Amino acid sequence: MLSYNFKYELKMLLRSRWIQLLSIILVLLFGFATYNGSQKVEKRKKDIAAAQKEVKDDDVKMLKLLDSVERGLEVSASSWTIPTSPMAVGNYHPRVAAMEPQPLAFLATGQADLFTHYVKPKVSGDDFALNFTEMTSPVQLLFGSFDLAFVFVYLLPLLIIAFSYNILSSEKESGSLRLLAAQPIGLRLWLLQKMGLRFFWLAVIVVLALTIAFLAIGMNPFGQFQSFVGLLGLILAYMLFWFAIAFLVNLMVGSSAKNAVALLGLWVVFVLLVPSVLNQLGNTLYPMPSRTLMINEMRILKAEATKKQDEILDNFLRDHPEYAINDSTQRRGFYHRYMASQKLLKEELGPVVNTYEEQIQRQQDWIGALKWISPAIIIQESLNKMAGTSTQDYESYRKQVVAFAGEWREHFMPFLYNNVEFSQEDYPNLPNFNYVHQSQDQLLSISFALLISLGLFGLGIMISQNWKEVGILNQG
Amino acid sequence: MISKTFLKETKELFREGRVRISLFIVLLLLGMAVWISALQYKNVNEQYAAAKTTERAIWDNQGEKNPHSAAHYGTYAFKPKYPLSLVDQGVDKYAGTSIFLEAHNRNEAQFSAAADQTGLARFGDLTPDFILLFIIPLLIILLGYNSFTKEREMGTLTLLKSQGITRWKWLLGKWTALFTPIFVITTVLFFVAGLVLGNLNDFGVFNWSALLTMMLVYLGYYIIFINIVLLISSLAKKSGISLVISLSVWIITCLAAPKAASNIAESKHPYPTRQEFAANVLQDKEDGLDGHNPWSKEAKILEAQVLKEYGVDSLHQLPFNFDAYRMQKGEEHEAEVYLKHYNHLKNQYSNQSKVYRSLAFISPFLPTRFLSMAIANTDYTTQWDFADAAETYRVATQKFLNDNFAENSSYGDWSYQADASVWKDLPVFEYDPPNLDTILGNNASNLSLLGIWLLASFAFLSFTTKTV
Amino acid sequence: MINTNNLTKQYGEHVALDQLNLNIQQGEIYCLLGANGAGKTTTINLLLGFVQPTSGSAFINQLNVQENPKATKQFLAYIPENLMLYPNLTALENLDYFSGIAGKKLSQSALKEFLEESGLQSEAINRRISTFSKGMRQKVGIAIALAKDAKVLLLDEPTSGLDPKASNEFGLLLQNLRKKSVATLMATHDLFRAKEIGTHIGIMKDGRLKQEFVVEDISLNQLEDVYLDTMNYKEVTV
């Protein structure tokens, strides 16, 4: 039966122009989405490169200036910007802490439109006040991006639904089902084969269309072979899930229209409702403390710190006797007090800032525990992770930047408290930021989606064990 | 004839299980959405009120201080939530809610809710606007896709024709049957929203006319969808085809077009990155007067100018503290630089808006989306308006502080401390969102786009049903 | 070949078929007459195994239909009232598909022969079914039966909606199959065709087989009288 189904299913799909139509739609969708994604990545790379170049150019000027000062020449810059002052270097010559895009970043915009990809932490200012959000029109954030993840997660299931909602019901409605049922075959197996064949052909089209789209924008899909295979595995598992749903709905046959409505309802549930309800529940169960109230708290602490600046500095120096010993001048200025207060503030605000991270971690755990309810979530998250644009990636970036900001600040502390001038020789020792991407394995997600799909197929077969063929075979 | 058709269609609809179930689900979702939004609304506004009072107290109780220190110490402007955000959350989730107001710098609104949420937030929220914009059109498709095709499939069409029906009356009957349940759902939702808001009267000014206008916008949107669905149903040969085409229209209109529009708008009229923007601002700032730097060329020019104006030859002879005066002039220059750069941003955004409007011809969703957010005061324009008001307040605050500094101290006297009671004299920051007339005026183009869609869809419908 | 033994089907209270005993041999064409709802289609559904009997049993080629659903279908061919095939496939392809999934692998020339044998014009063999009339589709149905080498043929209202010429041609085809000793069960309203084509006739009412005849024993007029009598319609149509 399989060979005949195979031969004629293809013939019928070709003659009804389904395959041609699907191929064109998919190539167009993938093409447009890949183009959009790669444009965003290009812009991101360009912005980072521009920022790096600016720092480089700026460094040349700084070194020249240092050279002039060291040779005792008159310089025209404002006194407090002259880089012999360590605080001037720390504030006016910050390094770029950039998050370079991952090779597959064009796959999913994820949180990339929300967060910035490079910041320049300075010695003054607060870590938590570092603005990690990007300057974007919120309308764009609201509408989201037409990226490959959108095509996979939202549109592909709809194509599958359109492709498979009436496999059994159309036979019933046209009347050919009775003729089929009079043949010595199992209808369940026949449906499974039909489904399988449609899955097979759609999979072939998806793989080809994706390869074409990648090649068209100058990406070599085989250069990143492992990731490409991982991506395909993910998409195929998700497609299989939707075919399994379609199989179930087909088995519980109503009319074609009823099937379409039921499948569409399921699409709304899995793709739109479950994620938003989970998100809302997560927010309700683990609410983010108010940022506005955090500002209040921070302001009060700061006001107190400013009043006690001298005391704070004394305490600080008592904790760090090395500074008092090495410095012969014992000169104390604004920055000595400021940095000591900042350090204290950071320690005091630490728990407040941590609550945000803890809370978002709890929300993340909550989603992690319940995401299996909707494979759409699993796939979106996995794609974001592949693209390196997931919430976790940005959080990891944020942590790395904050750590780097600390390193940057600490680097200048000995200069400041020892009242040592910054010189050309110190330039090569300036710390640099390197973003480390924590790669995540997609195998778990793929096997998860596969497991759900197989479970659904199993369920379908179990249900159809006591299939009331009466309902299927009698017209009406 | 019209009423007969209407009655028959309505009976048919309500006797079908799928219709009853889907109506029930939509109402349930709406109820949940309104409830969740009302809670959120109350919560946010309580936090807003608390933050506002606390912040003002912090400002008022600074104690004796140099006015310029107070300027650096700064204060915060908080954005409240407006009553109609209960119906449409708009871009609120993605827009910052607090702006730090300090000397020399215009800061961006910070701390958007979305930045504090997981990636799941990007799927969207179960809010009334989600149901109004996405789910109800889907319901219309569900109710109406087979309105004409079923008559053809059951063969009742020929029977009807033989009874000598007037086509437009027949059409109007079907149209009314589809419109009535949608009208009822929408009215109930807006009425309930109005009641809920009436009971939460602690915050914001809620007016029924804005709510009513919003309802009319949505009804217009639904009428367009009804027309499209009926049009497709009258042209399609089979119910299945009609359903698939209607759904494709829905996908393109509600899902694909906004996203595509966002991508096109961004690639055609990009915003600078935050760092780029800051660097550009810094460069322009450096080209002008720096209030803190008395040695720069610009400072010297200003000095000469003021001396000449007052006919004195030393800064000490001026009747005010020139340091503070220079500080204020520097502040004005910086404010101008910011104005220029923010105008560039606004310009980019208005260009982006043009892209959205030009794509409205494939998607009535877009003008509806923008109108609804605008009326709810949750759109980007309101965000701009708020940021501008905060900036005006910041500039005024700097002038207030610099003037105090200039009038009460003499040149070179940086040790001047203003009295602890001075801070209370600074007016409180108040922001009122644009009123309904202004909003509708600003959105005239969106209104006319919606109008064009309405007329065109009616025209097509009446034209094509002649051939049924 | 076709046997039923006290075959009964109840839907709740309603008795659709009441203790039917049929015995149709090879080379016989048994015509079941009766009004709508008399139980004709139920009988066919039971013989096809589409419906489970409440009691009694049905046999095809001595095999219990309920116990051997797949095996019995090997021997039978079925043409529904409104035979629909795949509109986008040609006659030949439809035949290839249906005989293929039934487990018969046949060469193209063999398939063509079956189509010709069933009376389909040779120009139509490679045309898509979407252009076919009901009569032409039924010829393909017969070809499927032929290709399958079916021993049993189940027909549900095969002549309804056919013009007299097509109807006549169909009758001839059945005669042809009869010579191949196929046992045919045909549910129909058409008394005239039943008399013309059939070898045996049964009249059903309210799920019961009321009368049985051998066709040679009865004239068309007598048949009509008996039929109307059975239906209790005689008084009305005086």
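Each chain gets a letter, A, B and C, in the order it is written, and its residues are counted from 1.
We adopt the following convention: a residue touches a chain if its C-beta (ideal position, glycine included) is under 8 Å from a C-beta of that chain, and two chains touch if they have at least 3 such contacts.
Small disclaimer: the values here were computed from a predicted structure and weren't measured.
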Contact-richer chain pair (by C-beta pairs counted) among A-B and A-C: A-B
Chain at maximum distance from subunit C, centres defined as averaged CA atoms: B
Distance between chain centroids, defined by C-alpha means - subunit B, subunit C (Å): 69
Between subunit B and subunit A, distance of the C-alpha-averaged centres to the nearest whole Å: 26
Distance between the centres, which are taken as Cα means, of subunit C and subunit A, whole angstrom: 63
Interfacial residue positions of subunit B with respect to subunit A in the complex: 18, 22, 29, 36, 47-48, 50-51, 54-55, 58, 62, 73, 76, 78, 90-91, 93-98, 108, 110-126, 130, 134-135, 138, 142, 145-146, 239-240, 243-244, 247, 251, 255-256, 258-263, 265-267, 270-277, 279, 290, 293, 295-296, 345, 349, 352, 356, 379-380, 383
Residue ranges of subunit C in contact with subunit A within the complex: 45, 48, 50-51, 70-74, 76-80, 82-89, 93, 96-98, 100-103, 128, 141, 144, 154
Residues of subunit A that touch subunit C when the two form their complex: 1, 3-5, 7-8, 11-12, 15-16, 174-176, 178-186, 190, 469-470, 473-474
Contacting residues of subunit A [partner subunit B, same complex]: 32, 36, 39, 43, 47, 50-51, 54, 78, 110-111, 114-120, 131-146, 150, 154-155, 158, 162, 166, 170, 256-258, 260-261, 264-265, 268, 271-273, 275-280, 282-284, 288, 290-293, 295-296, 299-300, 303, 306, 356, 360, 363-364, 367, 376-377, 380-381, 384, 390-391
